[in-house]
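My questions will all concern the structure given below.
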Amino acid sequence: MRDRVTMRPPTRRRRPLHLLILALLALGLSACGDAEQNALLPAGPYAQEPHDLIIPVAIIALVVFVLVQGLIIYSSWRYRERADDDGSLPEQVHGNTRLEIVWTVIPALILAAIAVPTVQGIFSQMAEPDDDFMTIEVIGHRWWFEYYYPDHDIYTANEMVIPANTPVRLQMTATDPARDASQGVIHSFWVPRLAGKQDLVPGQTTFLNLQADEPGRFLGMCAEYCGLSHANMRIRVEALDDGDWQAWVDNQTSPATVPDEGTLEARGRELYGDLGDRQACASCHQVWEGDGSRSPGQGPDLTHLMSRQEFAGAIHDLDAENLRAWLADPESMKAMNYELDGIGMPNLNLTDDELDALVAYLLALD
Amino acid sequence: MSATETEDTGTDHGHHPTAREYVQIAIVLAILTALEVSTYFFDFGRIAIPLLIILMAIKFVMVAGFFMHLRFDTKIYSRLLYTGLIFALVLYSITLAIFVFERAPSA
Amino acid sequence: MAADAHATTLGLDHRKLAMWTFLGSEFLFFGAFVATFLLYVTTTAGGPGVEIFDIPFTSISSFVLLMSSLTMVLAHNAHRQGDLRRMRLWILATAGQGAVFLGGQVFEFTVFVKEGLVLTRSPFASSFYVLTGFHGVHVFVGILLLLSLYSLSLTGKVKKDQDLKTEMIGLYWHFVDIIWVVIFTVVYLIPEIAVG
Amino acid sequence: MSSTTTPKLRPTKETGVLSWLATTDHKRIGILYFFTTLVFFFLGGVESGFIRLQLAQAEQSVISEDLYNQIFTMHGITMVFLVVMPLSAAFFNYLIPLMIGARDVAFPRLNAFSYWVYLFGGIFLYSSFFLGGAPAGSWVGYAPLHATEGMSMGFYAIGIQILGLSSLAAAVNFITTILNMRAPGMTFMRMPVFIWMALVTNFLLLFAIPVIAVALFMLQFDTLYGGQFFQPGSGGDPILYQHLFWLFGHPEVYIMILPAMGIVSEILPVGSRKPLFGYAAVVFAGAAIGFIGFGVWAHHMFTSAIGPVARSAFALSTMFIAVPTGIKVFNWVFTMWGGKIRFTTPMLFSVGFVSMFVIGGLSGVTHAIVPHNAQQHDTYYVVAHFHYVLFGGALFGLIAGIYFWFPKVTGKLMSEKLGKWHFWTWLLGFNLTFGPMHMSGLLGQPRRTAVLPGELGATVELYNLLSSLGVIVLTGSALVFLYNLITSIKRGEASGDDPWNARTLEWMTPSPTPSVNFYRIPTITHRDEFWHRKYAEDESGKPVSIPAGASDDHDSDGDDDHAEEHIHMPDPSLWPFVMCLAFFPIAYGMLYFNPWLFALGALWLVVGYFLWITEPLAEGDDDDPEDADDHAAVGAAAH
């Protein structure tokens, strides 16, 4: 039979195809200067390894793709019935055992070759980093991420700050019922340029390694559907060089600013602690002013709120206007249904005066 | 209208146990059950659990083989039943093994 | 018997083949519940665990169910010999034993609930009740089938030569019994030794 | 039972609504399945329209997050459970008896039961839109999120349970039919590949449906009655749900694709006018896919809480399953090789199937690269992948089947001109919609998000816009198809009995198929029996036409003179329909925890069952009531 057309080992064609892939990728990347969430642009070893695994596989897949599609198109064209056909039927070929063996064995060999580095990669991705690493605890809430730095006793939300060039091991779980009235659900932590994703499971601990080689801001999102506002549960990772990192730690470990008596900010601080018959901010949030230990509430820690750039699941820039709109009517800023399920930020029916004071206070928490 | 498969034709299996044989089987089953229950009252030590599993398997095969006529019927029935059983055993064993040995993805 | 008016490819009756096919799939059904129970056998959330089981009591009701398989097969035996009267007797005996088993289960559940093991108490409680409960539902359906067979044979709708009908219900009944053989060992006896 | 009653051919003129409600004719049930899936396909398509409208541009809010979540969930459920699976069932119903030379399925009333359960399950699911909101938790319904969401997820748990019951009953029925009702001489290795794939598919259903049934029962208990199966607060393990779901869910993928593979394996030889290349290899590869398909489930959980050994093992099994898949693809291509291909519409869709499926298969292999799977998982890359498998694969194959067997059902041809328009716009629209998703996924776009985040960048936005434009093309294409379908039913060109010069038994009967299927059951001596009755082979393997009537066993003419006497066709019965109505009170009773409603339904079910088994029969009937009841009771007994 015509058994010439079989799979050729892909190695011989690697070079031009590699170029082709790179060209395609370049096309994909050309317009995205702002693509900090691009899995094809690894910025650290834990994103680099999967990337280096997938590229050769993609090349092999592309070879197979071209070959098979070529075969389909060629045989469609070559063996189509022509206008001048005599109407006779073609030879009734039933099969060819040798060919069957060929296209069983060759794919099996290719897959076996891919399997070895895959398994190695699985173990090296999941193992503890060899070098000294920093642990950060990640807790998935609906719908925001909380970070706790056990070495420094720091709580923060939405934006995770890490030192560049240091391996970080995330120790992750989802809200437990003791902490949060609402049931914890599964989330997934995904910052594509730093690492692949790993689910956060309530009641269990999972781990994820990541590392940024250079200072920079890296974007990510929750990648496991977690309910109403899943789309609004975003992640920012800010990698800082040593100096900035130290400054950040120093700031975070210091108590919150207490505004001077008589100022608008001080009025805001009062309201923060007491809103009369309405739920006080302090019943869910924490502003640590130096006394006692830090213990988080149901909502994000606000001690150094203004050291962050974004809020509300990192979907809004942290500025006076947005803060005010958020306090006035949270559900217009982010999909939530507090009345129904108690998840998210309630509408406290604040008056204009109260809004002014609270916003002023929050803006002072730097 | 003959069947063309290699499997035997017709369900008119050669043997049907008599009522007396059924009772004898039931007595054996009763004795095995008594043995099973005795593990609760007496300490069998480390052999208790293997023993229970073996007794369970024997009872299983006896009920299926005699009361359900599997021993005397066409093999197709056995294959259907035991395919399901083996699928269930293998799949759920793997699942439980993952829970026991592979629960948390820590190194 | 098989092969009524039409010859079939395998020479088997459709109904019997279908029943065995269905029974094969039932293993996957009960297997999932048993696996869940095993996973949660110690997950009691501070509530009652396997020590709550009353092995002597369950042994008796298990024994009753096991013996109902004997009466079932005797019913089929009688029907095969064309003795509808004796068949009906054994059918009633089988259904009666099934009812005793179910009664025992209801009693067992009631006692457990009084001792604080309610469905919502823990994963252990949920998996125990749902596993044994679904088995109970199978027994209940079996009883319904037996009673329908009984009444249909009274009205002459099940005839002397239609022992396949009895055999089919018997297959189902024995299967439900087999499942209990497994449950009795895996859910009651072994955890009692290993955990309790 | 006996056949002592007078010889009678079943009356063919049965019209009116009642005749459809009472039908037990596998062909009519197949037609019912077909048109029902069309309706659900329309609904699922509208839902996808909303999804693409919302994501056409970044940070849009055409519909609210809540509604978006409901819509993408219902899109998935609809397309999987209410379109692709039942559309396959439509083909099973119509074709299995015809292709194995039987007059009906083993249990005609159980067959009707399956259809009505499916229809009512679908209606129940969709009623959620009017009863407080549809399920909003994706088609997987992961716990614990969905174990806490109350009513809407109750619709999910109970609705899919009902649909599963339909599939399970159908699986038992079809397995019995295929094993036990083949025409004399039709050995396993003479069965058409479609029948083989139907057999494998139904075994997959048989063993997979009980697993999802358990998962859904647990979800239902957690959601509605305070069960603790997946509640982490009391030690429940949410990962258990994932295991159970995917123990079903992965075989489910093959349940959806194998029938289409079977269809294509029938059409490619006819279009190429030579036999299927490597029949045995294709059959065994299909069986192997089905078997291995049970051993790869955890590859949907590579980013979940499972350890490295499990990840490695499932990576290997996942790669392994690519081998039999590849075998099939190469055999299809070599079926075309050396043929004289007539590119009719069914042939175009079949070749399109192979081509698009290869893309989906290759991206599937990349998922097995676990470290990188952690990047792809739950992104649009995955969305692209499974649409290439299920849309480019299953749906292309099924549409090929529609064009191919349309003449069999109606005796008319669908318009080739419109068919070609349909194919090329379908191919274009499909690739435009789903091709860019590969890239948008790798560039960081997660799936199941109600907004397209602007921060993903202009490239991702562009790709999303292209995807949304693709849906417009697909919509136009679907309208062409619909127009073609309706006008061809009304005034299509007469097809004759064998318009494609086909190979398998169903084309031996007149088109449209008479209600008895075969006036005389043929005796099978070859694979591709019908072809061998038309052609002999000379020494060089070239087919030589056998003059009509020369065959010694020529019983294909639609001539009543040769008809067998005592043809026994199943009697119509209303009870399957009436009995299935019980699932409404049962389902709503479970949903609203109303024991009286539930008891009413259970009683209805039991009474219906009694009427079913005691229904007087004109003739002996092979129908079996018992096992239907077992399933029903299992489904009904939720608390």
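Here the chain labels run A, B, C and D in written order, and each chain numbers its own residues starting at 1.
Throughout what follows, a contact is a pair of C-beta atoms (placed from the backbone, for glycine too) under 8 Å apart; a residue touches a chain by one contact, two chains touch by 3 or more.
Fair warning: this is a prediction, and the values are worked out from it, not measured in the lab.
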Centre-most chain [mean C-alpha coordinates]: D
Chain pair with more C-beta contacts, B-C versus A-D: A-D
Centroid distance [mean C-alpha coordinates] between chain C and chain A, Å: 50
Whole-Å gap separating chain A and chain D, where each centre is the average of the chain's CA atoms: 35
Centre distance in Å when chain B and chain C are each reduced to the mean of their C-alpha atoms: 15
Residues of chain D whose C-beta touches two or more other chains: 179, 182, 186, 206-207, 211, 231, 235-237, 239-240, 247, 305, 307-308, 311
Residue numbers of chain B (touch at least two other chains): 1-2, 4-5, 76, 83-84, 87, 91, 95, 99, 103-107
Touching two or more other chains - residues of chain A: 123, 126, 198, 204, 206
Partner chain B, residues of chain D touching it in the complex: 179, 182, 184-188, 206-207, 211, 237, 239-240, 243, 247, 294, 298, 305-311
Of all residues in chain B, those that touch chain C in their complex: 1-5, 7-12, 16, 18-19, 22-23, 25-26, 29-30, 33, 36-37, 39-40, 48-49, 52-53, 55-56, 59-60, 63-64, 66-69, 74, 76-77, 80-85, 87-89, 91-92, 95-96, 99
Complex contacts: residues of chain B adjacent to chain D: 1-2, 4-5, 76, 83-84, 87, 91, 95, 98-99, 101-107
Parts of chain A lying in touch with chain D, wherever the complex brings them together: 2, 28-40, 47, 49-51, 53-54, 57-58, 61, 64-65, 68-69, 71-72, 75-76, 79-81, 85, 88-96, 99-100, 103-104, 107-108, 111, 114-115, 118-119, 121-123, 125-126, 174, 176-177, 183-186, 188, 190, 192, 195-199, 201-204, 206, 219, 221-232, 234, 335, 337
Sites on chain C touched by chain D in the complex: 4-6, 8-10, 12, 14-15, 17-19, 21-22, 24-26, 28-29, 32-33, 36, 39-40, 43-45, 119-123, 125-127, 130, 134, 137-138, 140-141, 144-145, 148, 152, 157, 165, 168-169, 172
